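Below you'll find a set of structures to go through.
You will see chain A twice below: alongside chain B first, and alongside chain C after that.
On to the complex of A and B.
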């Protein structure tokens, strides 16, 4: 590029834009480096126990850090969120893209996306003061009364437990999963639908076999995106999950309190002094959480763009 | 996009504007940060000069300072215990209305976090219900311990149809909090009750244990009591600001535990006396057995009784790690009582980033506040649900505060 040919404003703009783009990458790298370097002491000292052990004690001389209960807690709450949230989101997406009258498509989809605009702390507040009583009275009390003998349903039905956290997470992932699913289902070329109708398939058969089948990897990507959001949720989960620590945090029952990786970091954050083993352990949990969230998001994006890209080449 | 060759493109203009805003903001921040002690609005100087002349003559304890602080304004930072927060708030409100040129901020983030801030020199003083342990003393060398109030830890519970009268002992509570006793009508609990109607009314329901999820001096005191009364608890869990609770639900802060217990039936948790006395609706508390064998309800009178039977106390600059007011002798003494402390460095010049470390005048402002807290401020304790310090502790505190220096220079002379 010969400088004299172009106005300097162009060159300056290109520099500034490149610097801003690079700064995003620099921030990511810095975060990763800080987490890794600060958690090395505890990883070196405890090694595999950090990922497989359950005890957590920060008293000087009796220190031991095992993060397994919190990893399982994140897994279980996210799984509950997916089991409850994905069918609802798919239903919303199919309704909006296939069956609803054209006039209400945009208003209803905007309403659903408003759910994503609610701040996470409001979900936590509402969850602790309103929603948990609803779940306690209508879901947990019957479960506990009739099925309390099954270990997975044992525990006091007061609404502060893994099940409530999972339900709130389900509500939080509905907007994400439904909007991406709607896009993906709309991206299925009309030629596929027309071909299916032409051989005599019913509406449900077209949707189930052809449309959803075509958009399968995209839908899977949308679900993984929702999972990525559920894994990282902190405040809303911490308010309703019961904040236990150590071996009692293992999610052995839906109705027992637990702890996720993100809520653990929130609870222990204030007392962590830089340089101590406990600080190192907290950052180790943070590192694992970040790596998990990153990989989930990368996989999701790859799957979603794969379906959206094909649209360009198909016959409309 | 057409860019005019002659003029500057709109994007460059926008970016330049953003850059200018950032530079202005940074400059303003730096100016405000260094100029905090000297920038005062016209009205505040007027009020401060008129009040300061009347107040200096009416202060009951005569204190002369080595440097004048009345015309300058200072901003002091404290952090720590949630227990002492209502009282600290009242102290700060009263003190700043007497001396409007002093601004004091207190962050109620928990005793553990307050001690961390003290070690990091990010506060002028820290408040905590737990004394500095050996590890903390190593990280905060030459920190002074100044007890500023006495409080007690109550055992709160929520049972429908039972408004009062539950009796508990330390040994039984240790079993409940360890998860060994799970039902309200367990024989061990029934055997402690003297009220026949209450005994019959205890339901066959699971006890929902509530504890603190954050690092807390209240937890330290409570687990200290359980450690003294139960060898099994001492071995399994011990005394800590953030112990590994074997069972139960975690809530944040004294207020969090109080809210949880009040909002859910069949719960049992521990909250400081001030929260139990001043919350609406009233929290139901249990009577705990003291070493004399009596079941005592936690009140300000029974907590004050623990302070009158005090053993000898260490000097302000010595270690207070073994000081506790648990299980004190006396028939009407409540057994779970604690001092709440303020920690401050003996030589304030080490707080280089804080008001108390930047100038002798700032250090004097802090020292005068602390003096006021342990003398005049104690008049506020009873009304808010705390217990005022007995006279021998006040005298000890006065000696400690007089030993505070700035760069070796003494700040208070009486």
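On to the complex of A and C.
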């Protein structure tokens, strides 16, 4: 009699736990549904122009919304972040998992990961009051003096622009990319290294020719994860990018102010009244940002888990 | 022999370049910490930490309401998010050997790296439009960020509990859920605590989701509704004022925030290192 009750409470517990395990999916669906349903008006009215247009005007009667400059702004700042951040992150990961003395590995990687603990509003504050001047004086001034005739380096070297935003993002993605890369590299089975050492390769040759090749798809995943972080970052970017609106937000030069999708949402959200076309347009940008982040993260996760799974396999 | 020298040189060169990458990454960290301390410390005083006076062009007011708001919202977030995250993690670890669980694990991972501004917009649309700005709305948005992190760290630390403990408890006839809650969770306690603390430190530093849900407030909150301030929003509204008093207030708030966040991070890392050493 009593015994038969045991499985029931177990079953109930399992059911509750299973339901709560779906919370991430529920949250994602909620995000997708609310953003999609509230951006439908603007997508219906402007259709393709919303993705290809550059004008943004909320004056009654002249309403027109094109999100192209902000999509490109996100693309360009994230690309700068990857170009600068990825080599540094991979260097850190390789150094800490293959080349460095064993004793310093954990403390140094903890130090690098502290970069991820710094709140993004503090990155923005530091970026605007400190880092901006470093970029303006030592990088942008020479660029604009010697290469100012090239369109992408034209503009005043004041440091509130696309380049500074990209550099801040580069710093912010370093802890993500380097720690995932380190994990991926350490999942490479030791037999690979031993085989390479036994034919007389140096540490660097083992890393370069065997380990990195083996971890390649996982490292690519780590880079994509960094891209995901760069795409979604809002506060720090909005504090250093200059926040322009309309055709002038097109990122035509690294030294001009711009705007990303997330900083646009932040800047315009409180000026728009819920229910208006402009509000819908802002949420349309949010929807696009969400779709982008979703695809990026799915690709990254698939690539990283594929490599990490090998560790649990028969090779080790 | 000559070729060998070249190869050895290459090996040294790349070791050096790797070390250089570490240094390049650590310089911004050092610079941030230094600037926050140097520029924030002059603002610090008992009055700055407790009063709700506004900054003036010459003096930083007080961040009492911001500290209060951060504490309330982080507390509420923990109350909502940690139980859900832990239960979800229990499922993934203890019953997670099926396709449903691997799909849910995957979505948790995806949500962990999601743009946090989207959590803010979503809560604005489903909650704030109906009930208005409140610390609860802020906590809801922060829970969206906290739950997947807690879920994954719970799963990882439960998986480290040796099976003999589960076998022992079922040999004693303890029901599985009871054994999970009072024996397995207890064994995984330290991992759970460090994981939750790190997640809490992460959400304490969030700004974007709170702007859409708690909005910000420079007065003390009485009760649990109405716009609420936070340290992060305080920094975000004060930094762009051209007066030194406002900027000093922003740096002072940044110092308090970074002290809280880094203290949690450093303590957790030191504690887990000691545990690793102790086990050997």
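The criterion applied here is as follows: the second predicted complex is superposed on the first by the 297 of 316 C-alpha atoms of A that agree within 3 Å, B and C clash if a C-alpha of one lies under 4 Å from a C-alpha of the other, contacts with A are read in each partner's own complex, and residues count from 1 in each chain.
We adopt the following convention: contacts are C-beta pairs under 8 Å (C-beta built on N, C-alpha and C of every residue); 3 or more make two chains touch, one makes a residue touch a chain.
Here the structure is a predicted model, which is why all the values come from computation and not from measurement.
J.: One more residue to check, A:271. First (chain B), second (chain C), both or neither?
T.: First partner only, chain B.
J.: Kindly classify A:13 by the partners it touches after superposition: chain B alone (first), chain C alone (second), both, or neither?
T.: both
J.: Let me test your reading of the model: by the given contact rule, A:99 touches which partner, first (chain B), second (chain C), both or neither?
T.: second
J.: Is A:291 contacted by the first partner chain B, the second partner chain C, both or neither?
T.: So A:291 meets neither chain B nor chain C here.
J.: Quick one: classify A:158 as touching chain B (first), chain C (second), both or neither.
T.: first
J.: Of chain B and chain C, which one touches more of chain A's residues?
T.: The partner that reaches more residues of chain A in the superposed model: C.
J.: If we overlay the two complexes on their shared chain A, which of chain B and chain C does A:83 touch? Say first, second, both or neither.
T.: neither
J.: Would you check which partner chain A:120 touches, where first means chain B only, second means chain C only, and both and neither mean what they say?
T.: Second partner only.
J.: Which residues form the common part of the chain A surface touched by chain B and by chain C?
T.: 9-10, 13, 16
J.: Mind pulling up the chain A residues that touch chain B in the complex?
T.: Its residues touching chain B are 7, 9-10, 12-13, 16, 55-60, 156, 158, 160, 242-246, 248, 257, 267-268, 270-273.
J.: Considering only the defined contacts, which chain C positions touch chain A in the complex?
T.: 7-8, 10-11, 14-15, 17-22, 24-26, 28-29, 31-32, 35-36, 39, 84-85, 87-88, 90-92, 94-96, 100-101, 103-104, 106-111, 113-119, 121-122, 125-126, 129, 144, 147-148, 151, 175-177, 180, 201-202, 204-208, 211-212, 232, 235-236, 239, 247, 250-251, 254, 257-258, 261-262, 265-266, 269, 273
J.: Can you list the chain B residues touching chain A in their complex?
T.: It is residues 3, 5, 8-9, 11-12, 15, 109-110, 112-113, 116, 119-120, 133, 135, 139, 179, 206, 208, 213-215, 238, 240-252, 260, 264, 266 of chain B that touch chain A.
J.: Looking at the complex, which residues from chain A come into contact with chain C?
T.: 6, 9-10, 13-14, 16-18, 20-25, 27-28, 30-31, 34-35, 38, 87-92, 94-96, 99-100, 106, 108, 110-112, 114-115, 117-126, 128-131, 171, 174, 176, 178, 202-205, 207-208, 225, 228-229, 231-235, 239, 262, 265-266, 269, 274, 283, 286, 289-290, 293-294, 297-298, 300-301
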